[in-house]
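What follows is chain A paired twice: with chain B in the first complex and chain C in the second.
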Partner chain A sequence: MTSRGTPSRFLQSVLQNGVGRYVCQLKRLSIIFSKNAQSSLGIREFIEEGVVDYAKNNPSTVVYVSPQSCRIPKIVAEYLNGNVREEIVTSKTSTQISEVITKLTNQSGLDIIRLRKPFHTDNPSIQGQWHPFTNRPPSIGPIRPQKQDA
Partner chain B sequence: MVFLSLSSWIRSRGPDRYWKVQEIIKHAKHFRGRKNRCYTLAVKAVRRAFVYATKGRRLKKRNMRTLWISRIAAASREHGMKYPVLMHNLTKTSVQLNRRVISDLAITEPRSFLSLAKVARARQQEGFRAALGDGKEPAGIFSRVVLLQ
Partner chain C sequence: MLRFRRSASRLQENFNLEALKKAFINPCYLQAEQERRRALGVDSEAAALALKDNIQLSEKGAGFTKSFLTDWCRVNFPSLRSEGVESVVAHLTSSPVVSYVARNLGIEDLTMSAECPVPDDVLHSTFMAVIGALEESSGVEQTGVFLRDFLATQLIGKDLFDMWTVVDPMGLLVEELTQRNLPLPEPRLVRAAGASTVLPLYFVGLYSDKKLLAQGPGETLVAAEEEAARVALRKLYGYTENRRPFDFSPLQPHQKQLIQAVSSS
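Right after this comes the complex of A and B.
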């Protein structure tokens, strides 16, 4: 895992989300599970209890519930910038699944790769960035080569 | 003649070779020459690259610190002070800014850095007065270390 060999990005928010209104970046949540398999037990419990409350609390996210005959239950999250993230939830309890879903709701859709810096500013300098003439008033005189009387 | 048992002689010697090879070569895609295509060469090159990456993580901390120190030294020399004097006096006045922050201030906030240099200079003068004077003058303002606990 070299830094040049693996992709990396800078920390950013999607279009300064949160400065004005906060827009939830999760567009669509598709829950794929099986009606009769043991691995989807937690998912089925979550769908019985928690899904409707979650959908009411997050009106901007569309929730699709699709029972299929599948071996592994999945939650597929699609974000407003087009990224798709799949979480595999085999043999998880209902509380764990709701935690996973809150995590997906709070994520912006940006790629989960190495962040180069844990901070970012648009205005790094307030007093004016240093340039060679900041501490050099013109009264000092121009830069001359040092006179060496040899 | 019909060869009926020919197809039963074909064995699959492991269906995963492509993906196992890709796992290595995907880390070598930006290399030069045949190391980015041929598995035998790529294995050696990728192992080397990972070893260098591990060593580089320790070196990066050292290199960044020397970079910060040289930047702080250059900035303090603009104000007529040297790096060891600046840092020693800043620690004596219990200014607990690390070298990274001070170098960022020197770049983006030159006036704040100037005020830090002035604080260090004042503390240095008070130190000289305390050492060379006769103890009759009170200790200066910057020599008072306040413990807020």
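Right after this comes the complex of A and C.
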């Protein structure tokens, strides 16, 4: 499939975030892991070491730690605009999990799809849209088809 | 409880948590809850709801929002007519804009409403109640900054005439010019191209005292004249696309001290 067929959006932020003040868009973070499975070794380590510091550094995020009997530990992030993202962290080390959580914290929660351009503006042109008379001195007469011999 | 505290720290405001909790209780929720208890056969006196609704807070917040945004618009667009200011404020405090802001600030989750999903008008009154609670707990100045950061930013990228429906821009322009003691605008055809084709283009310029006020394009002469009048009005009101951006920078500490000094003396 060509890139034209895939869904796309413009570069944007939620509610012009950061123009006035920055609001962390991550609302809720649930860490789901098993108490004794091999695959959640790294996440248990992270919970012992880093999760309290994380909650202290991010006072706007609610962190839930829920031990369940599961084989696949995961991190569920809920954003202010209602989007939910799940990250599976099977057999990841504590530092890798910390990176995943930092990434989830910094995201805006908008859909992760193709961006049409890496920049966006609400005012595309300061001097106005181009029209046939742009930069045309008024002394020249009306626009005509070009002469063949010229 | 934790969620309220987190929500307050997310918005970087110091809320009185009791007031904030009260702000989220809508009258429709109280009614529904009482009816539910009655249906369950609970004695209404034995299990009376010890909750108060947010009507007062909401009214207070709505009044403050309106007055603050009006002042803010007057400061940013000193030459804008009062009808224009009113329609800009009405746009910013309208239900779609406010409920959009409230949804993206996570207020919907905390709202206690009879219906789910929360209807727009309930969300609107809840957001206003939150503003009322903020005014009670951190004062007028901080609430003003909050409104500026979250509601006034919705004005970015908006055109004046999207918010303010002017049916006859030429009449308004004539009125404005007579108020300023300027000669009346004189429309002249400045440029034309393809007049005999299906895609004609006319440029009409408006001259006042032999000076070009504005020029605007259009497919017919009438449309071009109207567009030119709109361009001229935007220039007069200082709401052009290339205006200086709004100032959303946080209050500087020395400004805060100045305000405190003024308010204490």
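Simple rule for what comes next: the second predicted complex is superposed on the first by the 138 of 150 C-alpha atoms of A that agree within 3 Å, B and C clash if a C-alpha of one lies under 4 Å from a C-alpha of the other, contacts with A are read in each partner's own complex, and residues count from 1 in each chain.
Going forward, a residue touches a chain if its C-beta (ideal position, glycine included) is under 8 Å from a C-beta of that chain, and two chains touch if they have at least 3 such contacts.
Just so it is clear, the structure is predicted and the values come from calculations on it, not from any experiment.
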item	value
Fit-or-clash call for chain B and chain C when the two complexes are aligned on chain A	fit
Touched partner set for A:37, first chain B, second chain C, both or neither	neither
Most chain A residues touched (candidates chain B, chain C)	C
Chain B versus chain C as contact partner of A:135, first or second or both or neither	first
Partner chain(s) touched by A:100 [first = chain B, second = chain C, both, neither]	neither
First, second, both or neither for A:3, with chain B first and chain C second	first
Touched partner set for A:59, first chain B, second chain C, both or neither	second
Inter-centroid angle chain B-chain A-chain C after superposition on A [Cα, multiple of 10°]	100
Partner chain(s) touched by A:70 [first = chain B, second = chain C, both, neither]	neither
Partner chain in contact with A:126 - chain B first, chain C second, else both or neither	both
Partner chain(s) touched by A:21 [first = chain B, second = chain C, both, neither]	second
Partner chain(s) touched by A:110 [first = chain B, second = chain C, both, neither]	neither
Shortest CA-CA distance in Å separating chain B from chain C in the superposed model	12
On chain A, the residue positions that both chain B and chain C contact, one per complex	126-127
Sites on chain B touched by chain A in the complex	27-30, 49-50, 52-53, 75, 78-79, 106-112, 114
Complex contact set, residues of chain A against chain C	14-16, 19-21, 23-24, 27, 59-62, 80-82, 122-123, 126-127, 131-133, 138, 142-143
Chain C to chain A touching residues, read off their complex	2-3, 6-7, 9-12, 101, 103-106, 109, 145, 148-150, 152-154, 156-157, 190-194, 201, 203, 217, 241-242, 248, 250
Complex contacts: residues of chain A adjacent to chain B	1-6, 124-130, 134-136
